[in-house]
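Naming follows writing order (A, B, C, D and E), and every chain is counted from residue 1.
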Amino acid sequence: MSLLEVVDLSAAYGPIQVLHGISLTVDAGEVVVVLGANGAGKTTALRAISGLVAAKGELRFDGVSILGRHPESIAHRGVSHVPQGRGTLAGLTVDENMRLGAYSRRDREGIAADLAEWYDTFPPLAKRRSQTAGTMSGGEQQMLAVARSLMSRPRLLLLDEPSLGLAPLVTKQLFETLATVNRERGIAMLLVEQNAALALELAARGYVLEAGEIVASGTAENLSRDGEIRKAYLGR
Amino acid sequence: MALLEVDGVGLEFGGIRALDDLEFTVEAGEICALIGPNGAGKTTLFNCVSRVYTPQRGSIRFDGRELLTLPPHRVARAGVGRTFQNLALFPALTVLQNVMVGAYSRGRGGAWSDALRLPGVARRERRLAREGSELLERLSLDHLGDQPASDLPYGTLKRIEIARALASQPRLLLLDEPAAGLTHSEVEELGGTIRQIRDDFELTVLLVEHHMPLVMSISDRVVVLDLGRKLAEGTADAVSQDPQVIAAYLGAEL
Amino acid sequence: MRGRALGIGTRAGAALLTVGVLAWLPQYYGATDTALFAKAIYIAIAALGLNLLTGYNGQVSIGHGAFFGFGAYATAILMNDHGWDFLATLPVVAVASFVVGAAVGFPALRVKGLYLALITLGLAALFPDLVTKYVHGTGGTTLVQPPLPTSPGWAQGFAPNDDQWRYYLALTIGIVMFILAWNLVRGRFGRALLAVRDHDAAASTIGIDLARIKVGSFAISALYAGIAGSVGVMVTGLANAGRVETFQLSINFLVAVVIGGTATVLGPVVGAWTFVFLERATQDLFPDQALLSPAIFGVALILLLFALPDGIVGGARRTGRFARRKLQARRAPRAPDFPSPIREDRQ
Amino acid sequence: SGGGRSSSSSPGSGSTSTKGGIVDASNCPGSETEGVSGTTIKLGTSLPQSGLYSAFTEILKGESAYFSYLNQELGGVEVDGKKYTIDLVAKDDAYQADRTVANVTALVNDDKVFALFNVVGTKNNLAIRDFVNRQCVPNLFAATGSPAWGDVKYPWVLGSELVPYPLEAKALFDYLEKNSPSAKVAILRASDDFGRAYSETFRSLIKGSKITIAKEETYNPEQSDTKSQVTSLAATNADVLLLGATLLACPDALQNVKASGWKPMTYMSGTCTSKTLMALAGDAADGVMSVTDIMEPGLAAWADEPAMKLYLDKIAKYAPDADAENGIVAYGWTTGALLAETLHRSPSLTRQAVMETARTLKASDVGLLMPGVTLSVSAKDWFLGEMFSLAQYRTALGHFELVGSVLDFSGHTAKITPPDLIGG
Amino acid sequence: MDLNLFFSQLLNGLSSGAIYASLALAIVLIFRTTGILNFAQGEMALFSTYVTWWLADQGLSIGLAIAISVAVSFVGGAVIERVVIRPFEKASPLVIVIATLGLFLALNSLTQVVFGTDAKQLGSAFPDTVWDVWGLRIEAQTIGILVVLGLECVALWVLFQRTRIGLALRAVADNPEASRLLGVRVGTMLMFGWGLSAALGSLAGAMVVPTTQALTASSLQSVLVFAFAAAALGGFDSPLGAVVAGLIVGIARALTIQYIEPLNNIELVVPFAIILVVLLVKPAGLFGSTQVERV
């Protein structure tokens, strides 16, 4: 049984149907990437999984249907969503954002240890612990969003373009961190990313989403060898 | 004389030095890229140029004219247009209206002439709509003119911002991470578009971007910022070989 | 504004029909109802203006009852003490309220949102005190009661009664104010209003002078409220400014804007009529349980907003758009915004 | 209330009225007997039943109780040898003048009432004054003590038995002239026309006397907090405090005076004498002077008066939810009785006849009027409540004690009131 | 200048300022937790105060009556959020403001329907002792209210700055959707915020009304304008600001009445002039935090 099972999921904004029945799975401890052009519905798919958008179809996490559940209860089950546009709590400080990341946890020591670890991993955040999150630069906020998500020790991480606005060096570090986290803590990830080269390196499998439908899927290796995909997403 | 001269600009927020005696110039007609680590101060510089922020020190001259003494709304009239890192469109307006309002600085006439719908008004509206549609077409957005400028895909919104900035017929265009969130092929297309509009409108472009392939392919010159200061400057190739830039920004291999 | 829902012809037809019905109302209905219609008209005028400020420009005012009162007193005093003709007072009121509005709107340069709203609340609270202190009207009260305009000879054919004539005066002024507002939001100024509301920093970088737009919209909305006050005096025959009344008026305008539909020109007008009738209906519901009527009104208001959170006009529009999209969607199943970089028939 | 537009009646048409007398009805539109059908007389009233002033609803309870008693037990009121029952249509105006206008327009045009009765509020009555004058609808016993009803241009409106506010100032002045001719007076008053009536009249009266004004402070009637004002006045240590206040501001001011340690002789507006308000003031009200012309229900002194017994009995029967000891219920009852008396004395049931009767009324022993008080109006005298008694509150007893005998100021109100409070 | 008089007026200002401040606190609290301006705040407090009165009228001690009423109000506030406000979750803030106006009308009239229109007398929780200090009369009542306010401020500060639930409350006010994704139960938090604010309002009513002679339907409306003014002056998101500003408004009013005769009748000018000047200099009030919007 997969950790996340999405079967024939559709979603719409008012009259506009955006997802036309997509199916995908993420196994425990697995990293899966979703590629797709602008407006393909990637964000919508992640939002549907985390309960922010009403959807039809089947949606199971850890064998239990989570379709129609509140986002907060889905989060409590161990799904952490780093939304596109970061979702930083702009009026709160960096530190408060980080502590809220651990909102569903109760282990004080564990939280303190994680806090230290992520500040270590993202030094710009450590430097700005007491800065209001909303005043930080775009890239800094993006780091915060990812680090905050990790604070919850999720079982599944939904990442919506985590490298958006990050400097090349930081992007690289971020993907290294994600790889480490995945390896050492066994956190599964569903990753939407435009930096397809890095994403396919990290991921074991991938899907290609076009106009609300999955048009290709396979192992990361197979996908990166596909000519069309290379042309559209990799440029090599 | 350079078109844009940034001279000793310094700005602090509380204890954080966002810009620290920054100095560089942009020549007329070039595409100059401004790169640097997150938090280096790139967006802050844009904000200073467009007078959203007021730096504590230094001067910013555009075409020889000091911008820092102008009120924000005069900057557009002086010939500077910009886009925003975090989208800043007007969601209540349609895509076309967003572009039409972009031409605000070129027009005149206030509430009274509008309210009475004086003869010139209708003519002006038709002209603005026509010009706006042309711009949309150029950025392949023409099919979206009547849509509200909200809830469209991210990359599309970024392009609408470019169209809106162009509507004021600027001489200097400041683009803040226009390629963010675009797929590879979309980035390539964007690169072409930027060059095209630079040539067609005889623009100067100052581009902030983390997408190095784009920077490498279209910029005439690159200025690297770190901690609010200029770290390096030169052609894209030269800069990308610079060990300091690699250490601070690019990482070991590219 | 978004896409033409209806053709020009249909719109013109609908407008003519509406004006026709409005003109017919006082022919059929009696003086009591006609006064109610006239009230709807002057509330609509004030709401039209407030909507420019609040709906289009995003600045909430809970003090426009004071501008209304200002216009009312200006007209009443000019007519009463100086013998002016009602119509002659209008330009004076317009200019004066515009200037006062600009002065009051001045803090808008720095103060935003709730804080600005609270300043306007202060205005609403202060105005009645100022009136009490400086206006000595009938019998030592603050009431000023000018002579009401009467139906002139040439109008006997369609307005034999004075209340009808006054209704037609109000209607004419209302239509003029409506057309002005309609034009205003459809041009450069209207776009600037919305731009400043949606993103003021971006608006200033495209060359919009925030100060001018913010203070300007304040002044224009004050002008509308002032004119509404003048019309109110013409209809009810009295200028009055209790604290409760001033506050309530301010709120009524806001309610009219919101239930009609913010940032639509028609909204405030529809909202004003709805408001006036809702209020009347809840008062008439249990005539000997008057204490309950505000409660019923309050609940009705909440339910109405719940059903139509973007107002009556907004809701109608949304429904129209929804239906159109649905229709389009049925005709052409899917028209993606972007050509797919990958063939669709893969997998 | 719907109703189509019927063809309008032009001025004077159908009018059978006579010219002359006190009330000229020669230019009146509409029918003289509008609102009288069969054996019912339809009357209309407008008063606050909701909103911040909803406590005034109690007036309606008092007057309705009287009309129920009249209709059911006395078979109605006899006018010109025929008995009529009274049907009172009440509309809520939340104390807002524009709503009063709307209510009264509807009462006259749609409900077709014969007359208006006991409409509450100074502004509210002023707002309809022109209209009732033009329509020749009697507006009887307007519930306000404002001196504005003395304007001869408006014969169709008549105030009620409430003591006109300027007369209270006069009563205080006379009292001081006699007992403390060089008193220093502090004034605390509402900032509106009500408060002005006290202060301006008093100021004009003391001209030429040795009485002086130490200081005057005002309070906002929508905010009954008077602490700072009282502190300011207390600092003058004046001998007398004239309290031109109403509702909760009265007990508030009295308590603040007590707390400040200042001990002036206090005169308080007659609008405050109700048992409820005095109870709120408690100790602080001891010794306060005021005026009264209606028997305060619940006071031992009046307990044996037949009028009081009748009142208590009928209120219990017809308005069981009303608080009979509340002074304004008693006021409503008394005013109802006054109306019945007026109708009864009218030679015929036309608007003009009734108005003329009201304008020449001389009545005592009506409702709960104090023994010895006669209400009178005449061609020269436009005010009813000009006979009353000074009274002083005794906390220990829980009621007012009359001071001296009934004072008769008949015809005085217009003379002592500053002109701008009447006309204008 | 008569110093004694000056200090007396200062004390008067403090005591009315304390009243404004107590209601302002409730306004600030709801703004802090939900980001909206609640016009019905005063009427909610009014209803609660009638409940307190009713309980006391049934023979309960005033302290117990207040305690029960505070608890009832907490539940009532939470229920109002759930039933009246929640349906407007996705609506614009202006619509919610208008909805609270509907609530205002409904509550004011329901209070009168339920409890009657006649004035009620409510005993004070504080003794009516008056201390004479160098000729100044200091009322235990005033000191009592000030102490309660101080305690409320500290409690709120601890709640917001030092507790998990306080952090969650602030997160919800900042960005509900992002909070959801972090596992914060937004609905519960909003109900909690409204409940808390209603409870504070109830406490405010119980303290305010005994100083104003009697409880009527307008008891809190006359205070509300000043409470709003205090909230704006102090900064809508700062409890401490609400208290300090409430006192400033009260004192300004008292001193104006005493010393600025030309402003008799229009003493309201002074507090609002102060607000205007302060806001022009500090657009988010004395203690409010400025929301920097980055572009």
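We adopt the following convention: a contact is a pair of C-beta atoms (placed from the backbone, for glycine too) under 8 Å apart; a residue touches a chain by one contact, two chains touch by 3 or more.
Since this is a predicted model, take the numbers as computed values, not measurements.
K.L.:
Using the touch definition from the top, list the chains contacting both subunit D and subunit E.
P.N.:
C
K.L.:
What chains, if any, are shared contacts of subunit C and subunit E?
P.N.:
A, B, D
K.L.:
Approximately how many whole Å separate the CA-defined centres of subunit A and subunit E?
P.N.:
Centres of subunit A and subunit E (C-alpha means) sit 43 Å apart.
K.L.:
How many angstrom lie between the centres of subunit B and subunit D, each centre taken as the mean Cα position?
P.N.:
Distance between chain centres, rounded to whole Å: 74 Å.
K.L.:
Could you put a whole-Å number on the gap between the CA centroids of subunit C and subunit D?
P.N.:
That gives a centre separation of 39 Å.
K.L.:
Return the distance between the CA-based centres of subunit B and subunit E, expressed in whole Å.
P.N.:
Roughly 47 Å, centre to centre.
K.L.:
Pull out every residue in subunit A that's touching 2 or more other chains.
P.N.:
37-39, 135-136, 231-232
K.L.:
Where does subunit D touch two or more other chains at once, residue-wise?
P.N.:
Touching at least two other chains: 50-52, 54, 57, 191, 220, 222.
K.L.:
Any chance you could list the residues of subunit B touching two or more other chains?
P.N.:
Counting only residues that touch two or more other chains, subunit B contributes 43, 52, 84-86, 88, 152-153, 156, 183, 185.
K.L.:
For this structure, give each pair of chains that are touching.
P.N.:
The list of touching pairs comes to A-B, A-C, A-E, B-C, B-E, C-D, C-E, D-E.
K.L.:
If you look only at subunit E, which of its residues touch subunit D in the complex?
P.N.:
Residues in contact with subunit D: 2, 5, 8-9, 12-13, 15-16, 109, 112, 117-119, 121, 130, 137, 139, 212-214, 216-218, 221-222, 253-254, 257-258, 264-265, 268.
K.L.:
Per the contact definition, I'd like the list of subunit E residues that touch subunit A in the complex.
P.N.:
Of all residues in subunit E, those touching subunit A are 164, 167-168, 170-171, 173-175, 177-186, 289, 291-294.
K.L.:
Sort out for me which residues of subunit D touch subunit C in the complex.
P.N.:
Residues of subunit D touching subunit C: 1-6, 8, 49-52, 54, 57, 90-92, 94-98, 101-102, 105-106, 109-110, 122-123, 126-127, 129-131, 146-148, 151, 191-193, 196-197, 220, 222, 420-424.
K.L.:
Within the complex, which stretch of subunit A touches subunit E?
P.N.:
Answer in residue numbers: 50-52, 70-72, 75-76, 80-81, 83, 87-92, 96, 99-101, 103-104, 132, 134-136, 148, 152.
K.L.:
Where on subunit D is subunit E touching in the complex?
P.N.:
The contact residues of subunit D facing subunit E are 50-52, 54-55, 57-58, 191, 217-218, 220, 222-225, 227-229, 231-232, 235, 248, 251-252, 255, 259-261, 276-277, 279-281, 323, 326.
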